[in-house]
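Each of the two complexes below includes chain A, the first together with chain B, the second together with chain C.
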Partner chain A sequence: MINDWLLFLISIMLLCGVLMVVGTHITSVLKLLVAQNTLLAVYLLTKAIYVPNAALFVSVAITVIVKVIILPLLLWKLARFLHLSGRVEPIVNKPTLLLLTTALVFFALILSRNMLTFLPHTSAAGFSLALANAFVAMLLVIVRRKAVTQVIGLLVLENSIFILAAALSTGFPWLIELGMSFDVLVGFMIFTLFLMRIQREYGSLQIHNFEKLKERV
Partner chain B sequence: MISDNTISILLFVLQGLLVIAIAPLLSGWLKIVTCRCQNRSAASLFQPYFAFCKLLIKTPVMAENASWLFRFAPYFYAACLAVLAFVVPFFLYYGVLSPLFDVIVVAGIFALARISMALAAMDVGTAFGSLGARRELFIACLVEPVLLLVLLNLGLITKGLTLEHIGFVLIHKGILYPGLAFSLSAFVLVLLAENGRFPFDNPATHLELTMIHEAMILEYSGRYLALIEWGNSLKLTLFLLLFVNLFFPCGLAVQLSWGALLTGLITTLVKLFVLLTLLAIAESLQAKVRLFRIPEYLGLALFLALMGILLTQLMVTQVTGVPI
Partner chain C sequence: MNLIGLILLPGVLSLLILPCITNRTWAGYISSAVCTLCFVLSIFLAYRVYNSGQPIFFFHQWFLCDKLAVFFILLNSFIGMTTSFYAISYLNNENKLHLHPLVYRFYHTGYQLFLLGMLGVLLSNNIGMMWVAIELATIASVALVGLYHTSEALEAAWKYLILCGVGIGLALLGTVILYIGASTQGLGEHGLLWTQLVSEAPHIPAKLLAVSFVFLFVGYGTKVGFVPLHNWLPDAHAEGPAPVSALLSGLLLNAALFAILRFKWMLSNTSLHTLPSVLLLIFGFIGVLFAALSLFRQRQLKRLFAYSSIEHMSLISIAFGLGTPLALFAALLHMSMHSLSKTAAFFSCGNVMQRAGTQTLSKLRDLSGQMPVSAALLLISTFAILGLPPSGLFISELLLILAAFKANIGLTILLLLGLGLAFLAILLKMQPLFWSKSAHVSIMPLKNRHHAYWPAALHLVIVIIAGVFVPFYLLSPIVNYIAGVLS
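Our next item is the complex of A and B:
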């Protein structure tokens, strides 16, 4: 029962990831990201209740504080600051994108089926879903021309690595976890400064403007 | 399991009749909540019944070149949906006919009802009729594969294709399957598209640019229109019942005792009214999309249903007991 519930939570996280790939508005993608982070917190909380473990409780606390409260607030402010309310079209059209997503999920599932010999059998299902989520996150990074979705894609990728670790064992040691979440925060801040700088210099966040940053030889 | 005797068969028939009877009530509730959300004063909860009675006493006016098909179609439409009312679970976990019908037949009867309306709309040869029929079939050809995939995914999870079997397994083994989350979100889109609800069609307008279902029934009046209206609310009710009782089956009566039956009735009604309220709020919050953007939404539904099946079929079945 508890296994089913945990798997169900990961699958809803994957669903959020898939919807993020096809979402057209930055604000809706941000809402989905918040939903995914909340699901991650619920996942860790369920696990911490059923396998009482100090490290897990610490990671629940870190996840809630950093990912459910601080990051969404910062992202919201960033979106308001950069006026990101309009549509952001992906590079390829929607059906192709959906086909790619399905292919990636398929690939992840097949891959983890073939890796059954190395994996402990109990964690294989969670592993396959988390792997699919990681693949979808990589698609999210490359699929749009505006720089903000790259940051969101990185955050989703971080989420899925987290889930991968949590599915395979009882999660990271809490020190590493603390380091990781600060990593995310610091990375996010650097990205924010970077984006603001780009916005000021070029007046837009289109990726092709980044080409001009290269030094001419 | 429920034994076969006269009382149980009577109960099953009563369940089907109750589904048919409360269908307009649910549309009435949907209209009330929508009105409240949009700061309008609402009509009575029983307004659909009054409208039905009013339409019954009016003389139907026929188009000059209407054939037998035009006159026959509303009866056929309502009869198809009335048959399905005896298939879906309401307070018992299956309908009296559901051991006979598997989910493919259920999807097929929905298609039959729709095709009868489309043919009748084309029959009189007005511009609006054929426009509505073409749009309806355009949506139908995108919706039907998704509906089938969702129902087949449920069949794959429970290893059986009748609604009776699916309901039984889901009640006893729980609903927490990874593939089911995807099927559920696909089914929401199917529910909205099939019933002409908001992002796909506006059920309250007769604006020629946007109407789909209303364009098809524009030529009907009197008792024919009454039947069609009742059929529409019955269709919405059937989809809502499939939704709440397949994906959230808790509380349905599995054995015949008064307590179980009462619990089943109350939980289903509560689920239905909560779902309708959510539907009304969602409808008030979003705008209708253009006709040519509908394939985008239904394509999303198709791929979600497909991913649901992929997850069901390809995920490694795990040993239960130890948390992962």
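Our next item is the complex of A and C:
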């Protein structure tokens, strides 16, 4: 029962990832990211209640503070500051994108099936879904020509690695998790500073402005 | 108190003190004092580890200082010290319009964070902490690369951040998979400790190990600058301030390769022991040939040296891929000599750029007449990087060729081809800078010359001394130690 619930949560997170890849409105992509963060916190909380463990509660607390409270707040402020709205078209059309995503999910399933022959079925399923989410995140970084979605892709990658660690074991030691969250936060602040500079420099967040350093033959 | 804790302390304290200091000159000197203290402590640490032969542990075995780590800590803290002095002059000579006053405060704090991150990578026995440290170093260096308010610097920093962000994410994926593999052996939280992993690796399922190593290799390899993943490297080196380019090239690449090596040796007792060597050899040869050919089409001074860094890191990974004691010796010597001479080269590039106001190779002419000291330093460091005797790089490249010759004649031919092409490219590009008499650029004098020349000169003197009297007493114990870990 509890395992089904956990699997369900991870599947919804993967669904959020896929929706982010095909979504066109920047604000909806941001909302989906916040939803995914919240789901991650719920996942960890369920696990902590089911397997009472002080370390897990600490990591739930860290996740809630960093990913559910601070990051969305910063994101919201950033979106207001940069006047983020409107559509961002992916560089390939949507059906191709969906096919690509499906292929990546299958690849993750096959990879983890080969890798985790010694594990019970349910935890292996959780692992493979988390791996699929990581691959989808990388697709998210690649397919948009806009600086903000690249950052969001990196945050989703971070999320999926968190589930990966939690899906099979009790997760990392809390001190390491604190370090990671600190890195994510500082990294996000640096990203924000750069996004503001890009906006001021070019007047938009389109990546095709970044052509000055390309080497031409 | 444990020596490892003591060596981390100055860096941590400086992170608290430096942001509060508003006086520019003071901040620079405090940063240098902290780095000097760190260097002195690292000498003590090295003396202790080399003398007793036993590794030192700290904080639940999360930190480990063995002979290999201590050698790199010595190198890192030395270069960190000289670079911090050079930065005092460099920042003082910068055009005030380019840099916001806040940048100065930000610079020294970021610099210390960067050094502390790299120290953390070298000292960590916990692979999770290693990841946190390398991410910290990356974030700090991104901020330093984007210091100038030019669109090129912004583009370089953004590229660096995104590419290395994805790369480092992959490395974390690899770390998690490895941790899961270790938890199948019932190691619990000890499954993150490298010393535990080395002894338990033969029992972990091979497929898990292979997948995690590939992720780790690609992830940390992005930071080393292996060729298909090298795109960020020339941009970040060319657009950042010269002291930052020097640190990126001289220390960060080494630290990332160091992380890969830890995982390589973890696999050495398993059925997968050839996988890391094969990967290192393949990426090494691709890197040497690609960088050698790319060198021919560079038009900017610092980009040229950045591509030369890709070439040298590839040479080092070839040597580690060969893995014989001779090759290991060559690799360690090459790593240290390359760090010292490449930082010297970037220091002199910085001086030349500040005086000429450009780094375009076709505009820089007649340097020997217009700025004899900077030109002499640049010339000597170029010769050192080219591997001409009596620089230490001559010895290490010679040993590498010998080691490759012992392994396979085909590899030797490829290696010689890459080395020859790179030599030709750098020589052809650099040679007109010094004596041709057609200068179009007006030369400005340097305002602050106290620390502009001696760091580069000191590095070059060490490189030449190491070329004449090869430091066997420093390197042989490490080679023996690695052989001990492997058996």
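Note that in this section the second predicted complex is superposed on the first by the 207 of 217 C-alpha atoms of A that agree within 3 Å, B and C clash if a C-alpha of one lies under 4 Å from a C-alpha of the other, contacts with A are read in each partner's own complex, and residues count from 1 in each chain.
Basically, contacts are C-beta pairs under 8 Å (C-beta built on N, C-alpha and C of every residue); 3 or more make two chains touch, one makes a residue touch a chain.
None of the values given here were measured: they were computed from a predicted structure.
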Partner chain(s) touched by A:Leu75 [first = chain B, second = chain C, both, neither]: neither
Chain B versus chain C as contact partner of A:Phe191, first or second or both or neither: second
Which superposed partner A:Asp183 touches (first chain B, second chain C, both, neither): second
Touched partner set for A:Ala125, first chain B, second chain C, both or neither: first
First (chain B), second (chain C), both or neither touched by A:Met1: first
Touched partner set for A:Leu30, first chain B, second chain C, both or neither: neither
Partner chain(s) touched by A:Ser11 [first = chain B, second = chain C, both, neither]: first
Residues on chain A lying within both footprints (that of chain B and that of chain C): 116
Residue ranges of chain C in contact with chain A within the complex: 126, 128-129, 131-132, 135-136, 139, 142-143, 146, 151-152, 154-159, 161-162, 165-166, 169, 172-173, 176-177, 179-180, 183-184, 189, 192, 205, 207-208, 211, 235, 238-239, 294, 297
Partner chain B, residues of chain A touching it in the complex: 1-8, 10-12, 14-15, 18, 22, 47, 50-51, 94-95, 98-99, 101-102, 105-106, 109-110, 112-113, 116, 121-126, 128-129, 167
Partner chain A, residues of chain B touching it in the complex: 174, 176-182, 185, 296, 299-300, 303-304, 306-307, 310-311, 314-324
Touch list for chain A against partner chain C, complex: 111, 114-118, 127, 131, 134, 137-138, 141, 147, 150, 153-154, 157-158, 161, 164-165, 168-169, 172-173, 176, 179-180, 182-183, 186-187, 190-191, 194, 197-198, 201-202, 210, 212-213, 215, 217
